[in-house]
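For reference, the structure discussed in these notes is given below.
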Amino acid sequence: MKTIKPLRDKKDMATLLIHCPDKQGILATVTEFLNQNKGNIIYLGQHVDRQEKIFYMRVEWELDGFSIPKEKIGDYFETLIAVPLQMEWKIYFSNHVPRMALFVSKMPHCLFDILSRYTAGEWDVELPIIISNHETLKPVAERFGIDFYYFPITNENKAEQEVAELELLKENNIDFVVLARYMQILSKDFVQNYPNNVINIHHSFLPAFAGAKPYHAAHERGVKIIGATSHYVTSELDGGPIIVQDVTRCSHVDTVQNLIRKGRDLEKIVLSQAVYKHLQRKILVYNNRTVVFN
Amino acid sequence: MKTIKPLRDKKDMATLLIHCPDKQGILATVTEFLNQNKGNIIYLGQHVDRQEKIFYMRVEWELDGFSIPKEKIGDYFETLIAVPLQMEWKIYFSNHVPRMALFVSKMPHCLFDILSRYTAGEWDVELPIIISNHETLKPVAERFGIDFYYFPITNENKAEQEVAELELLKENNIDFVVLARYMQILSKDFVQNYPNNVINIHHSFLPAFAGAKPYHAAHERGVKIIGATSHYVTSELDGGPIIVQDVTRCSHVDTVQNLIRKGRDLEKIVLSQAVYKHLQRKILVYNNRTVVFN
Amino acid sequence: MKTIKPLRDKKDMATLLIHCPDKQGILATVTEFLNQNKGNIIYLGQHVDRQEKIFYMRVEWELDGFSIPKEKIGDYFETLIAVPLQMEWKIYFSNHVPRMALFVSKMPHCLFDILSRYTAGEWDVELPIIISNHETLKPVAERFGIDFYYFPITNENKAEQEVAELELLKENNIDFVVLARYMQILSKDFVQNYPNNVINIHHSFLPAFAGAKPYHAAHERGVKIIGATSHYVTSELDGGPIIVQDVTRCSHVDTVQNLIRKGRDLEKIVLSQAVYKHLQRKILVYNNRTVVFN
Amino acid sequence: MKTIKPLRDKKDMATLLIHCPDKQGILATVTEFLNQNKGNIIYLGQHVDRQEKIFYMRVEWELDGFSIPKEKIGDYFETLIAVPLQMEWKIYFSNHVPRMALFVSKMPHCLFDILSRYTAGEWDVELPIIISNHETLKPVAERFGIDFYYFPITNENKAEQEVAELELLKENNIDFVVLARYMQILSKDFVQNYPNNVINIHHSFLPAFAGAKPYHAAHERGVKIIGATSHYVTSELDGGPIIVQDVTRCSHVDTVQNLIRKGRDLEKIVLSQAVYKHLQRKILVYNNRTVVFN
């Protein structure tokens, strides 16, 4: 339920994300393909990793007037461009609004931040369900009119509960999952259902202080700066591709409680910035690192 | 209506904020006064402005066991300490929960951020009323169960509407006002009713880009960093004492719309940080500048 | 005199900087031109300002194996590409090491920073002369073995001295000038000899506190963050295109002297980062704003 | 050899650094002691760690007019104040200019930054000797007129060379040592000669990427922010009390070489800021953490 929906310019757009071994002429080939078919490019970002010799590209163009019918673009691109150039690629169409599920536990700050943006119409996303291992935040979900599902997790029922959660995600046609301070580790099996589509927020400047209680560890170590890290979840705990990081200063006057309080502001902004980049299709993952286009 | 109220350690505390001409022994005199009367100091901050020769101090102590009865502390302090040392001072007691009113217009991001913190119990504050010159955000206020008052403003009715607003504030025993992107300039008369108790957020790094449309001006000037500034409102537009500022990087790729989007995150955090400092009684104002204790 | 010269990979490169009215196919046209002539592109950056409808591009390629002889590239590019597309463009060759002149007054921190980088071989630049309106820093120049020229400036002799300075710059084939805290305003005439080739450091976060004594003004205003700004000099004081800005936090405890001390670290880094970008030919100026490529 | 020596206000000052178990009245006791003996306090900083129940204090006062002769202050303070309150304390007198030794290897940026500040008179310090395990930077030392000592280190001669280095430090009455990118680990024995008086710069945001090649590791991990950390050296590698940290943003476009280049600017500023705080006697160490006064 969005109450404050801004008017939006909803031209039909297509976005291609590409990576492939680098060689001369890739960029010209792709832009020529779009130009010749009358695609008006409105954004083009490219990057070459000289060391790994990988070419990355993101291009967005208007579908209005494009010679190739939308449903055939993928097929044509695959045959004419991708196969000869050994590309891996994905295409997205702006008229598909992505569907997001939130996982939360007890802390409300990231949940509130996401619900506020959703309700204010900041993001082009649907948010049909919130899933939690506690009932604490049910009143928040209700207040914003989002369905809330309670899946208590124990060592014994974890596998089974994850199966039920996955089913619920499929039923709701969920495209990606956001862990908004969800204090449970998802199993490898679960994550493999959504590769590069589960976004987590970790409350430290990774790789420092991975794992539990990072603010306590930061205080113990006497650091002068604390941070937060959003990343895609992989099978390695807090080891997935980093999307956004930010930091704030602290000092000897800060207790652990202060660090936790300051950290909340970092966490919610860093997580929401990652979700925004994800929604814009501006992130490519390769070799456990992200390319995040402007 | 707060749904997620954390347990809080609610010992009775008193907080003194003091400034006076600097001379030897002030700090010893004040701490002696508290020690001799068995006040357990749990926070002490002091600062001397060498140039202006002003002494600033904030001290917080437990009332439990303090020899002077709470209602007489002010009297004793005035006579024994403040008059001889030419102090200006204020005392606050932790058992009075401050009462805040919000003024908003159409943009919801600061409102949502404040309501989220209020609901999550991050702040020790009461929030009985929201006032607006537009009806746009009424559904948000209702969703959080806060009374919403609509005061449309025209050149003709402004003075009269402000009188009505002030009446409403008095009826609700409002201690301080937060302008959460309220797009109206309050009259000098209005502000004088709440000296150093009206907090505004300006969407630029003041004093750069005071006044209207700062993001447009920042884009036009081609700055590489944008900012936000929270300050107490005085009779001079965007000229009051600065409380908190923060900035974020931008570049030639950022359109005005991007700056506005990035700026929203700054604005809400910077405003909420100022409100938090204000609630903690950590701000002293002197000579149009703030002393913000740690 | 450079003492610590690192080995450098000195392949012959060409760099094109382009801007023109945006239309379909510019990028493909330029990359096709380079590809067909066997230019191995090693960097490509482009940006379209949708609002102003301007296309910006920077491309760098290896000259080794390029079909068009170096001395004819400009001619061919002008005829075949630039004229049809109404481009403004510049070409740079990596085998021309740019020649820089420094202007200083009495403060040594920016001078030391630049001389250190120069001596350490961080930059690919020649630095034949240092010019000053005071003799204070002559020993520093001598210590680094750079010729130092003293041009005292009065209201009466300013025009005449600038003529002499310009002559000295021409004799030394100076490509660009860096004002490393040079506390004199250069005349419009002087600057017009080096359009977008005079880099200044201003000790504030422009446009806040333009003009004299910005740290005093910042202290007076009670800001919580101070900054520094490097920009190209134009006829408008502190009004030229901004290249790099950076900031650091301050508080009520900071005296003007503290701000000056903290500011020095900002100034020297921000100025040197601007010089580095300039040396890399990564800056395009349009409409008093910069496009700074990654 | 300092060429640009600023005039400095050199009133005789004393500085006390204190920590002790917290209890009521410590602050009043110390300030009373100074007031009664006519010490004009010009700086007072205090902090209580509520969790560890430790009181920290730094106080600086003018010796002119102080009733207790300078050479007896320590004795009186110990007997009258420190013993009853179980204090650990140190006293410093401003007329003793601290003597610093630099250790370097091959990278010049931190060395240049320190020599520049020293020569410009930014710091009140003597710098009689530079020690290195390579001859690379000898010309830099010579240019600034500082004695340079070459101690090549092998696994075999390390213990013996350290003994010789220590002797040289003693001969030169060195108070503290700065490792300005010295790429050798000092032995535990060496460090114990200068407890909390060996300052190192580590080129990462500790505790992330401790040990060798942190920029390579940061690139590999795909972080979005890199940092630098200055700390006192202890027997644990990169594990000593942190003094200053700072960070800068990076992205997928940054190669390892770029990170190294960006990192140099961080390293030199962060190291010099730590040295400045150390020279000002503003750092207290307790429990492997620092209290850094404003």
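Letters are used for the chains, namely A, B, C and D, taken in the order the chains are written, and counting of residues starts over at 1 for each.
The rule is simple: a residue touches a chain if its C-beta (ideal position, glycine included) is under 8 Å from a C-beta of that chain, and two chains touch if they have at least 3 such contacts.
Quick caveat, the model's predicted, so the values are computed rather than measured.
Peer 1: Which chain's centre, taken as the mean of its Cα atoms, is farthest from the centre of subunit B?
Peer 2: Max centre-to-centre separation from subunit B belongs to C.
Peer 1: Could you put a whole-Å number on the gap between the CA centroids of subunit A and subunit B?
Peer 2: From the centre of subunit A to the centre of subunit B is 35 Å.
Peer 1: So which bits of subunit B are touching at least two other chains?
Peer 2: 50, 251, 253
Peer 1: How would one label the connectivity among the chains shown: line, ring, star, complete, or other?
Peer 2: Chain contacts: complete, every pair touches.
Peer 1: What part of subunit C is in contact with subunit B in the complex they form?
Peer 2: 47, 49-51, 56, 205-209, 221-225, 227, 241-247, 251-253, 255-256, 288-292
Peer 1: Along subunit D, where are the residues that touch subunit C in the complex?
Peer 2: Listed in rising order, the residues of subunit D that touch subunit C are 3-4, 108-109, 112-113, 116, 119-120, 122, 136-137, 139-140, 143-144, 251, 253, 261, 264-265, 269, 272-273, 294.
Peer 1: Provide the residue numbers of subunit A that touch subunit C in the complex, in ascending order.
Peer 2: Result: residues 24-25, 27-28, 31-32, 35, 40-44, 46, 48, 50, 249 of subunit A touch subunit C.
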